[in-house]
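Chain lettering (A, B, C and D) follows the sequence in which the chains are written, and residue indices restart at 1 in each chain.
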């Protein structure tokens, strides 16, 4: 079997960012890193404290959810990651957390309204909240079905996973992704901040309007448009 | 008298986790560790700052609340611990804190509704809030009666202390427990996070529904059921 | 003039606790330590960052507010401290902060209701909020009048400064005191936590009742009564 | 071309204060330092993480927004800074952040009411929130127009930029400034605290009154009036 050292190392390093960024309590989160050429991803083992984590603990899994390398049981959310990698070929990393504010929005089953430019710098729509899954999906292959719930909600709302790199799963918690695991981790921290600010905005002004279209477009394009001028 | 070094050391180490996890201000909390074979537990001395704490300071007490070993006065909540150990033979550790969000729910005299999977991963019911005690219980052996208030509320609500490892005592603050003190400390941190998220959920959506039954069952069973697949 | 090294050292050490406890931003706070036998107190100089503070910077002032020793200008709140020391002979330290939650209650001009045992462990009444001062008091010797506003409010409400060691000055911020500066600093941190929990309690349950009398009495007496059994 | 080492060093040091003070996530903020004699300012490069920042990375720009020295692209907000320096000759530093509470007020499109002396110690008016910009301003030279939006709102409200050193740009986030960059950074932290306290005040008492005039005047003058007696 091949050498997956690079994705295991990357998965390790990005998992270690979650407690640093204040996004996880104990083991409530996981990061995976994919190698699409080899059809596999490396993911955190289930329930192992971050303090004890080592690159060699990472479990390598294929896009059907089968273990390819590793002595430990992979994260219980592994099949959700597998479904997303299988269908979205341009994502290189996925993050799942139970970060406080994003999870509270997921529990409240509301999309996060686009209230300001901090949000628009990252995506031009509300942050979607998929509804809780149907009972038969839950009773079946639950974590795999969670992946399909995400895919289906993106289709239903006509969202592009390369433009909207985050979702709340209703009653559960957020998933984020990106071209790289670094970007996916970045998105998790950004989501948590946007979720916090959005609640505060509604508390300060229950009638706060959504961001006007001209500002949505401007802020997104200066970071992501053809003439982007943010960053180096 | 016997050598209680193991439970004193364990009580010390677990007490030291409380300030690390942000669950206590000054001395507002205590952890105990039981040895059911010997019929005793070790508990933090009363009012000693965490910075000055040493394993030898731990006080060893029997399940009637009598001091067996130790030069210092034990935590003022000692008799509550004693009652719980005496009646619940399968718990090895108990934690009491005044952590901010859990205490606020206790002061509000409300159970914490089961709003999401973070909660369901740990227990399948609302987190119970025992009502404030009757005046004659308060005027009597108050801390012992607090233990009976907890026992009685579990009986009244038909809760199993091995499935629900936490309670709010109305107007007062939370108690948690577990097979080990490590688990009891873990439960205190989990409770604080669930308490925070539940308030935020109600602020984001005052009509947020409780978690649907299928999800409650699924999340609890994947961690605790016969086919549990969380952790190693 | 005498050697005030002991109160200067104590004032320095207790001032340094404020940023450690998260109670001050920049220089928004001050601690003083009194020597009633000599009729003086040592207080933080005005506007000096905590990082640069040294015991020798402390300014020694008498109970009329006159500088007795020191090269720097004392805290702008010095005359408030002087009035309290002059009239309340049993206090050895005073703390003033603009800590977030206590200040928000002061700005809202409400007493903090006694909602739980965390509060009752420290005092048996609501935490008083003195009304904003009359215009002529403000235009006059403002900081001295702030001291009288506190004294007068305690008289009006028949509060005992040895039982209630804290107050909110309406629209302004909290003052706390105690037999020692250590106790006064402790009270400032306790007040901030009680202020935070009280707001959360009202958010969780707008109809949360005040603590029942039996519990108020019990919790206060186990810490402060003739048969107190908290601490060593 | 001249040697701009002093303003580059100062810009670097003040930028590094933002993460220390908890005012920025990732790269969501920037500080600039002006040399009015030379007609230039040094500003953070765009999108460079604080951990990697070095004084030599700072970009020197003139008051029209043209790069004078530096290999990196300057902050995307550079033209906003340029407009303010060009028209307000007595400011030496500008700070832009997306700090959580100040940004939430900007998103809610409300001025922050003057509720207490913490606020009055720094300015005697509500903290202004400029309305979101007109669509043609947004589609045009957006960052430059943001500068004009600020200038125009100060004119419209007859505010003096030397007395009111902060503004919220509606739907966007805060800008602060001062005679020095140190003062501008200080103002950003003060603004965040005032924004937090003001929301809490309204939550504790929805009918909280604004600060009375006598107190506004007193607190501002003791820090800033001709007979100021705060600080050394």
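In this section, a contact is a pair of C-beta atoms (placed from the backbone, for glycine too) under 8 Å apart; a residue touches a chain by one contact, two chains touch by 3 or more.
This is a predicted model, so every value here is computed, not measured.
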Each chain counted as touching subunit A and subunit C at once: B, D
Same-site or different-site touching of subunit A by its copy subunit D, using the half cut: different
Superposition of subunit C upon subunit D: rotation angle, C-alpha, nearest 5 degrees: 90
Between subunit C and subunit B, distance of the C-alpha-averaged centres to the nearest whole Å: 33
Centre-of-Cα separation between subunit D and subunit B, whole angstrom: 46
Shared interface positions of subunit C, touching two or more other chains: 203
Overall pattern in which the protein chains touch one another (line/ring/star/complete/other): ring
Listing of all chain pairs that touch each other, if any do: A-B, A-D, B-C, C-D
Subunit D residues within the subunit C interface of the complex: 115-118, 186, 189-190, 193, 196-198, 200-201, 203-205, 208-209, 211-212, 214-215, 218, 222, 229-232
Complex contact set, residues of subunit C against subunit D: 25-26, 28, 45-48, 72-73, 76, 98, 100-101, 103-110, 132-133, 135, 138-139, 142, 171-173, 199, 202-203
